[in-house]
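After this come two complexes, each holding chain A, first together with chain B and then together with chain C.
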Partner chain A sequence: MTSGSRTIRVDTLARVEGEGSLYVKLVGERVADVKLKIYEPPRLFEAFLRGRHFSEAADITARICGICPIAYQMSAVHAIERALGIQIDPAVRLLRRLFYCGEWIESHTLHVYMLHAPDFLGYEDVIGMARDHREVVERALRLKKIGNRIVQLLGGREIHPVSAAVGGFSKVPTRNQLRELASDLEWALTASLETVQWTSNLEFPNFEQDYEFVALRHPDEYPFNEGRLASNRGLDIDAAEYEDHFREMHVKHSNALHSVLRGRGSYLVGPMARFNLNFDKLPAAAQQAAAKAGLQPPVKNPFRSIVIRAVELVFACAEALRVIQEYVPPSAARVVAPNRAGVGQAITEAPRGIIYHRYELDENGLILTAKIVPPTSQNQKRIEDDLREFAAQLVAWPLDEATWKCEQAIRNYDPCISCATHFLKLDVERQ
Partner chain B sequence: MSSDQEKSASKAKGKPSKGKPRIAVFKFASCDGCQLSLLDAEDELLAVVGAVEIAYFPEATRAVIKGPYDIGLVEGSVTTHSDAQRIQDVRRQCKTLITIGACATAGGIQALRNWKDVDEFVRVVYATPQYISTLKLSTPIAEHVPVDFELRGCPINKRQLIEIISATLAGRKPNIPTYSVCMECKRKGNVCIAVARGVACLGPVTQAGCGALCPSYDRGCYGCYGPMETPNTNSLTTQFRILGQSNDQISRAFRGFNAWAWQFREASEECQRK
Partner chain C sequence: MKVIGCGNAERGDDRAGLLVAERLRQLGFRAEAHFGDSLSLFEKWSAADRVVVVDAVMTGAPPGTVFAWDRELPHVPDGLSVSSHGFDIAKALELAQALEKLPAHLRIYGIEGRQFELGSNLSPEVERAVEAVVQRIAAQPF
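So, the complex of A and B:
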């Protein structure tokens, strides 16, 4: 190793959703600069939502992300319901939890097996992994399909489902239609437990950070659509107070805004934050699986997030089974949503972490202003902070191996760049 | 596609076999949903990757095999100067170029900027507008390079995607209907929500492919598959007025995910003039 400068650069980050690159500059043993560059073109959603009717917001904002459209739809309808002062039927509330279970199962399975596991096992992709581990990949595909099946049943299709509506759904399923999911979900619960065990046997770099974890917290349940926003450092706020505590910064190297906690800096959202703050709300099966996998909150090694995603798969399958047992259809698919002026905010838990929406409506129900803060723009600064610490461990490594390891560290966050610009490219420079 | 990635790629396990048709997947301004459709084809995915070589697909693999490619799938619209140049290079590398989804075939929802001052839009979203480079228009790929087939939808239908890949590899014409959503809706046995309940539905002017999802879920079609072959938008506009829709509402209906498709564009502009 020379004392000169070297650069790790990845021009097109792979196995992330969207377009970004990484640039790391190493001077001797020191990490001089880290930039997670997001060159995904801006699509300007908050601008063209102005003048649209509130009933269009769920369909339009879903198009920010093809991986987690339900997260956008849920934050949109909850924020607008708050602006309009609407209360939803308890059965609709249950169905929305089931809708989110479907998206979590689909998205977490995609990330655990198809995007992240290949890094741990030394494959470029799941296609190469399937040649040596066919039965593992077949389990993944079946599990993913079951998540998609839930979304299809409730919303017609897995990407940009059509049924989410302010006040409820355009159409709700019958009891029997939901019961038909039971045998698949029983299998999925077993497969998820196997996924926890399988991921817990992977090798994890020795790397821990002192994070501020931010997630929703609800008195009775593991969070999806409701709860107060909490952290391990005393944050405890309502969605309406979000903008008083968080700030979005525009940095030159990114088309995604960086989100920071005012006066405190970067923070972490997503599975690790949810798990650490809500472990007591997980069902017994998920808590036991986590304990067996050696996970005890607070988990501070981001590489272990793959195991936590698997634990959340156990939760999502168990929760989906609970919902289909308890479900009795609502008297109406949705409550009437009359035009009314107002402002409403909502935070829900996307697979990658909290997603904040705020809408200001006029008396005709048209959107005056909209604000959307997706999970990846919130994690973006935290990813850079991780890389600054982690790259220091890699200075003696061959450049190609260090590069791959940095990519893996980014994928700990399952970053969704399409969301963040509504984000990634690796560039390591050594001097 | 940096040289570092190509070098590190050579160290990975599970290398593909040679001699199969090469497929590349490119992304422009989009939500990633249409390319995800390939990974969502859970029943067909292992068969597809057995029949072809995935040569470039950053959402799924860090491996990069240099072009030329037999089939290029392009998702997303052109919204930046660098993307307008990149699509020229993509076209040169691909024997058959197939655009997938409403962004690539019609400019997508981000084409709503095309009627507005984009600089003002940027100022709404970003604190330091001078950091942002973007074009005034969001345009479909076919406005920049010749395209061999346009697969419609927001998102595309994964079965139609498998069909177009299979047809291209077999050298036959793909079986992708261009008639309206009404045909699918009738075949499903749905009661017409426009006639029976007076719901404004874009089904009569929208291309089939989704399986008439919205009417099957008790709501009007919102046109995510774009205009059908020879749509009568004037007649539908008249019908919407009879249902009590205002010009603004009708214009908004056409200005959705395929707003910049010329048939929908003209229909919305016609309403704006009145």
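So, the complex of A and C:
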């Protein structure tokens, strides 16, 4: 390798998001600079929401993401319910957990098998992997379909469910309708356990960081929609205090938005944060699977998050089975949501991590302001910091391999843009 | 024949496929919309079906250009589909092929789009192309 500097510059292909780019500058053995931009903030949606009635928020925000619409819906309805001061029926609460199980199953399966595993096994994409590992990919497709089935049953329409509403759901299933999911879910639980096993055998780079993990924490359960916001460094706040502790800053160089903990800096949200902060709330099957896979909290190697996602699949299947056993339909699909002025915030756990919503309503129920902070934007600074450290391990590698490893590192975080297999295009700059 | 229109209703010309499906449904054809990630697309058909998939594309051709491919994978050009979240159509179809899950008869229409930003409108060229594709499919069912 010659002396002087090398640049890994990766710009997106002409794709819709248009905003994924990575720039890594190597000078000799040193990582001189890293600039990452992978996120498009939902400012347009926040603007769309202004002037709309609160009953439209769930449906509108669900369109922000095709992979995790339920996460947006859940945060929206919880925030608005808080603003209005209304309580949901316990049966509805149970259904919302089931709804989220469906989304986690679908999203985590897609990421583990279709987007991330190919990196570990040396395949360009899942298509190459499917030729050599057909049963594995078919298992993944079947598992993903079961997640979609849950979402469809509750949401009425697969990708953009219309049924979630402020105060409950526009319609609720019967007990029998849920029971019909049981045999699929039993298969899914077995498949999830196999997934933990399968991912635990992958090869992981030796890379650990000292993260501040941020996730919801709940006294009784592995968190979805409720709990206080906590971290491994003493954070313990209510959703209403979120903006007192977190802020978004515009980063000049990349037009990206970095979310930071005030006075502290970058942080990490998502499965690894949840796992590390809530391990004791996982059902026994998930805890045992994790232990057998060699996972013990705190896990600090982000490459191992693929195994953690598999453990969360076990949780989601077990939780879904529990819900369909316990569910008794509520007397009303939803409680009355009156027009009332107020402000409400909520944080729920999307597959990728916490998502924060805040709404201000006027006395007619119209939205005055909306704020949405998705998980990928919160991880962006942390991903960049990871790359800065990780790229140091790659200085001697051939440029195309180093680029691929950087992509793999980004995919640890399952950011929305990771769905584009080759969103990073190589551009070499030599000084 | 089964028509599947893909796209994102919030992203300008990316709603082209959805509009084609909607129009054909109004005309009495078996047509449905498919949102978000394309991965589960091939669960929407069985081996015996005759399937038409319609989606917006970005190949650099003039906006409104209509492409048609008949089961010619993997020669589907790059740029097919602008699915913003998830597996794009070309990859989904490649995967279906690798798993031997393609239908016996498959035709893909691509409509070249111009604007895909969140909240943008449908371009006039694409609106015309949508109508042209609807007429083509309706006149000559696959």
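Details
Here is the rule we use: the second predicted complex is superposed on the first by the 398 of 431 C-alpha atoms of A that agree within 3 Å, B and C clash if a C-alpha of one lies under 4 Å from a C-alpha of the other, contacts with A are read in each partner's own complex, and residues count from 1 in each chain.
Simple rule for what comes next: a residue touches a chain if its C-beta (ideal position, glycine included) is under 8 Å from a C-beta of that chain, and two chains touch if they have at least 3 such contacts.
Here the structure is a predicted model, which means the values were calculated and not measured.
In the superposition on chain A, A:K144 makes contact with both chain B and chain C. By the touch criterion defined above, A:R131 lies against chain B and chain C together after alignment on the C-alpha atoms of chain A.
Comparing chain B with chain C, the partner in contact with more residues of chain A is B.
Of the two partner chains placed by superposition, A:R388 touches none, neither chain B nor chain C.
Shared-chain residue A:L44: touches chain B and chain C both.
Once the two complexes are laid over each other on the shared chain, residue contacts for A:H218 go to neither chain B nor chain C. Touch criterion met: A:E56 reaches chain B, while chain C stays clear of it. Touched by chain B in one complex and by chain C in the other are residues 14-17, 40, 42, 44-45, 48, 63, 65-67, 69, 110, 114, 125-127, 130-131, 134, 137-138, 141, 144-145, 148, 158-160, 416 of chain A.
Only residues 8-19, 40-48, 50, 52-53, 56, 59-60, 63-67, 69, 110, 114-115, 121-132, 134, 137-138, 141-142, 144-145, 148, 155-160, 162-163, 165, 170-171, 248-252, 255, 257, 333, 399-401, 403-404, 407, 416, 418 of chain A touch chain B when the two sit together in their complex. In the complex of the two chains, the chain A residues touching chain C come out as 14-17, 40, 42, 44-45, 48, 63, 65-67, 69, 110, 114, 125-127, 130-131, 134, 137-138, 141, 144-145, 148, 158-160, 416, 419-421.
By the touch rule above, chain B contacts chain A in their complex via residues 1-2, 4-5, 7-9, 11-16, 27-37, 39-40, 42-43, 45-46, 49, 54, 57-64, 79-80, 83, 108-110, 112-113, 116, 118, 120-122, 124-128, 131-132, 134, 154-155, 210-211, 213-214, 216-219, 222, 224, 249, 252, 256-257. The touching residues of chain C, counted against chain A in their complex, run 8-11, 14, 34-37, 39-40, 43, 58, 79, 82-88, 91, 94-95, 98-99, 116, 118-119.
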